[in-house]
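First the structure, then my questions, so here it is.
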């Protein structure tokens, strides 16, 4: 220990706490601050806790919905660090920075600790759970199912089942599953093209990957899984290294790792795809007809990608098969997003990748557990309902719409129209502050649960979530427990046999033991085995994908003309660790630099140096970004990896609540988004917002890791680069 | 101290390291980082914070350049002046290179930083008096000084947060230098376990925190003197030798198809970290 | 322009010097108060830094050294001319040194003490400084003898203690004079104790002569070694802008330079404050000024050598760092260093200015400013623009804490120095007597008035 | 026979010298000019001390001893510490690196030299000294004093010599 008495004293305390944590269960925790009477000698320590020896418990990461299986290092009853669980096919023992920060969600000092009744007084008064439940019962009394709305984030597994049962108990159909940034349009397009929403893709099998704005290394679908595929893809099959081509208007982490990054004019991704099909010249039938018009000249005029580049890509795709074409958020974020996605999927089919690098994913044989996928159309629906004042009671879980809904939707005001608002929350975030009743949740590392990941890597699997340590705060509850108690209010007789959600979960799993490959194994043995594995692998069923290329109903609009008043397109970029801002209050993530700009603790707007010169903007200038729906002030960062007609502001920062680590850092671009929706799916078109930029005259020093040398190596051999013909991979280990 | 021991001492210790010195035995911890696999996702850096009790200094102190990340990801652009960086960026994870002939070691007035028998560049917090000479003389600038008392006066770990602290790693007080240790706490544990079983640590038995999380597995870590270890094989394949400042790669005209190199090798610190050059396809 | 009168009564010499101990001009008290205030500022800043952490000095990684090290070198440097004047000129029998060497030596001692402070101010854990002392201890740890910082510590300790002894031994006969002439009181007690019962017997003088000469011989190489070791702190490192062969001589020259400049400043101050016009005469000032001018030119030369060696050294990084100094964010300071260090001294080449007190006062201050800037320009740019581009840091600017402590150090020095001059004879009485005695003998011999040789020096 | 002290003060240095010379040449019973005569002067002037006959100085031998022992001590302390107590490899340099050790040796060489020289000076010059029975502040101002010690009988002879050489003043130890 260092000279500061801090650590020794604290660790001793912690030993005490730890002892209690394990030995005396939850009861020791009220007096944690001064671990007085709770210090127990290790003579009594439980067998699973050996002083100074770490044990690892498997569970599931709840930092995002990708369902990575984690293995938590627990010592003296405290979880210290999260690693990946090698058993899981999704993350194979790896865990991203976001997942690592899970412990800071768990130990976060700004968590809600008591049920809060917020009627009238701003801060809210602390009440007991009994009172809280009583209140809910009272408010629901005589309210019909149509008048109840339940807004949640994406959810799956037994929680979803319980949820469904609860809503059924009112005959309520209003379960809105909302995710601010989800590949909803792509799902729909995939459904059309392939017959499934989320096929299984194999980057590692592809020799060429052509990605239209799919940031699969950063934030798209399952980065942890794809990063590992990417590594194999780079090593290549028999020494031929895979080639990555990224097409997007704002460089993402994936774009930064591409062999060729193409700055396409925003919204013209689909056109480029058709142009490539045309250039390939292998298409037949209606496809050939559909792409006839898209000759190099026109396409390169529309997209800004040079003709020879298009030829090169076509040639490469021809020469190296199988390839893989991906469509991501950059392509889908437009009013014609579905069309873009369809066109790009078409390219995949034309190349005959379906069945090779794009395969059907295994699905879990229990549809009721299958993930309820979030999207923005749901929010739209809820918002309409709220505006009409249809809902008397609103429940909200795992979503922060007040923060993530475009101001144009007036969600905050509409929400106020709901009679009674219950928010299940970890923190007092923007939405919780609008609630009448705030119910504190257990952290992801304190709670029980089961998850079915949206993206199935190989084979089907159910992830088990179990507590890695005892609750830190005595008065938080798991969402499962809360739902169970609520269901009991309605159907006590069906559920009274379950003391708590744990019992429910255990029972539910054991019921289907056979399906989980536990045939003839003793219940306890099976259960313990399941917990220690952290995942349940099942013989999932895999259907076939439709490989038939068809251009039916494929019409792409001509690229939008430059709007004189709002000449620039705003791309709200998704940071690989902050995502939609639900994790912004985790200091490690705040201080881990954005990979491309190395900026920390703040928002910024990326402007292409050329454009900046035009506008007379230099790094650190505070600029005002104005859209039809408002404006934000943010520091400028000159960024070469962006189309000159585009500016980009990262999502996730700009919280007005959510605790010391999130509040008042940066700005929230969600607010100024235009409420434009994809024509087919009704999804919010995130990239359609047009803005203008003006200097405010203020200037700041941008807080970033990069020094005044910027990205230059000043002639030193620090991060050199070789072309493939100068490398011989076969010799490598 | 007898004159005989003294003289013996001299005869034993008059040669220079690593050149004309016996190699480390049985351990020499070393790394190999494949920049072609590295995606710059920062997971390694966060893992380092988690494993090594690194303080989060906050925006203001970050602005003053007082950040404590032992492992930083650097992002470089091509310098050919094109409109777009259309061959992407270049990411480089930079941490203490654990030099065999470390410039930082000789200059410390109190010998707080030394070379360990298993080839680490150790930093002894308790002995450090904070002259900061080591950082001054470090070519890579990967040493980080505790400008404030993060645990106490700065309260970097408020209640609850402090329970996450790794008990295997000291929490540093104000006024001492710190840096990447190759997760020495993990190494020591593995070494003593192996010793108690009368063997040496097997390859893959111990991982550094950054290696463990690295999604594309760009980081290889292991025992360089163990011919079976991955890291040894990689170094061998790249013909990079620890005790040389000019490698096969540099000698060959027009480039030998090798990728392995060590940063600022010409200064002869003999780093223990080999990087593999990033590659970009010439066909596109 | 008159020099010290040969026929000045020796009793008068005693009287004048002893007088200075008791009632100086008002200015003395003004300076004392100002100095104390400055020290107050410094102490305040240090306390704040000590409690809060080095961070408040606004240093960062990798810019880990700042004004503290720069000022450290500055003060060490300043100490050198004391030795130059008393030791070297003593060996060369330059008798004009005699009236001024005493305060020069005092300056040496006190600027060393000031420099010593910066070691503590700079350390991150000053309270553990004893780790750097080599002694067999229960912790079983030793300092690292390879570190130039340790050489520093050793050299400075040697230098400080030696110059204190040198100062003291040289002062014994004068202390005896004080003892003999003081009215009973604490001063008399003090001088009696310090004079060690000196009575100027032949035996005492004999040994005194040899001892004084010997220590002088030791001090010269010591002084040179001290600043070349300080230079090694940088030259022994690997950093661009530091790893330069010509650094040791460059530092030594710089040291003598700033020291001489400081001597001129103090010469002028003492002359006024303690009414020493009769002893610190203009011809002496002229000699120092000429000496300073010569050294300033040596420094300028070595400065160019440094650039030349970097230029032809073909080390792009070192070259880059040098250019950064000239054109980077530090340019204004670098150029003003060149101005103060190489242009301003040219004034000293003009006879009419050499004895012009106001001009020389300003010039000497400018020279010292230049030399302080030089030290800063050696330390900081290398950190701001070193080997590793990613960690370059051009924005780092010392906080008020750093400036405050540097400011305070000047007060501290003034306090010690003026205190000394008030307590001990800052003009060596017995040597002034020797000086006039020998001069009178010389003139008489020349005049050939042998019979007049009787009446000694009267 | 009891002994007494005489102190004669001269402001003329040549006369003082002459007086000394005469005292040394004339043999007086009960007075040994080598033992019993001390000259005190305000400044250091060898030319007058010469007449006292050559009196050797030994300080430089202390210097030699001090310097050598200082250097040796340093080298063995440092090299010893490195080789025996502190055998840590640093920066690829040998455990006992000579160049840095020599730097420190050099410093200690000087340190020892200076310290021991001072010591030698105090010893040889007999400082701190007991104050002698007869002393005049004039001696530290501008006059030379000659302090002699002799038997009662010789007193007058000595006085005679002093007065002859224009002694300004002759102090006499109070008789008993």
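Order of writing sets the chain letters: A, B, C and D. Residues in each chain are counted from 1.
Following the convention adopted for this analysis, a residue touches a chain if its C-beta (ideal position, glycine included) is under 8 Å from a C-beta of that chain, and two chains touch if they have at least 3 such contacts.
Just so you know, these numbers come straight off a predicted model, no measurement behind them.
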| item | value |
| --- | --- |
| Of A-C and B-D, whichever chain pair has more C-beta contact pairs | B-D |
| Chain whose Cα centroid lies at the greatest distance from that of subunit B | D |
| Chain at the geometric heart of the assembly (C-alpha centres) | B |
| Cα-centroid distance, subunit A relative to subunit C, in whole angstrom | 66 |
| Rounded Å distance, subunit B centre to subunit D centre (Cα mean) | 63 |
| Averaged-CA centre spacing for the pair subunit D and subunit A, given as whole angstrom | 91 |
| Intercentroid distance (Cα basis), subunit B paired with subunit A, Å | 32 |
| Residues of subunit C touching at least two other chains | 125, 141-142, 144, 146-147, 150, 387-388, 390-391, 393, 395 |
| Multi-partner residues of subunit A (at least 2 other chains) | 3, 701, 706, 712-713, 716, 718 |
| Of all residues in subunit B, the ones touching two or more other chains | 67, 72, 74, 103, 106-108, 111, 149, 174, 176, 264 |
| Chain contact topology (line, ring, star, complete or other) | other |
| Parts of subunit B lying in touch with subunit D, wherever the complex brings them together | 1, 5-6, 9-10, 12-19, 100-108, 111, 114-115, 270 |
| Residue numbers on subunit B that touch subunit C, as the complex places them | 61, 64-67, 72, 74, 94, 103, 106-111, 127-133, 135-141, 143-149, 153, 174-177, 264, 267 |
| Interfacial residue positions of subunit A with respect to subunit B in the complex | 1-4, 6-7, 10-11, 14, 17, 33, 52, 75-76, 78-84, 93-97, 100-101, 103-104, 107-109, 217-218, 223-224, 227-228, 230-231, 234-235, 241, 243, 245-246, 251, 253-263, 312-313, 316, 472, 576-577, 587-593, 595-596, 598, 600-602, 610, 640-641, 665, 701, 703, 705-706, 710-713, 716-728, 731-733 |
| For the subunit C and subunit D complex, residues of the former touching the latter | 9-11, 14, 134, 136, 140-142, 144-147, 150-151, 154-155, 157-158, 161-162, 165-166, 169, 172-173, 176-177, 180-181, 196-211, 214-215, 218-219, 221-222, 225, 229, 232, 430-431, 433-434, 437, 453-458 |
| Subunit B-touching residues of subunit D, taken from the complex the two chains share | 76, 79-96 |
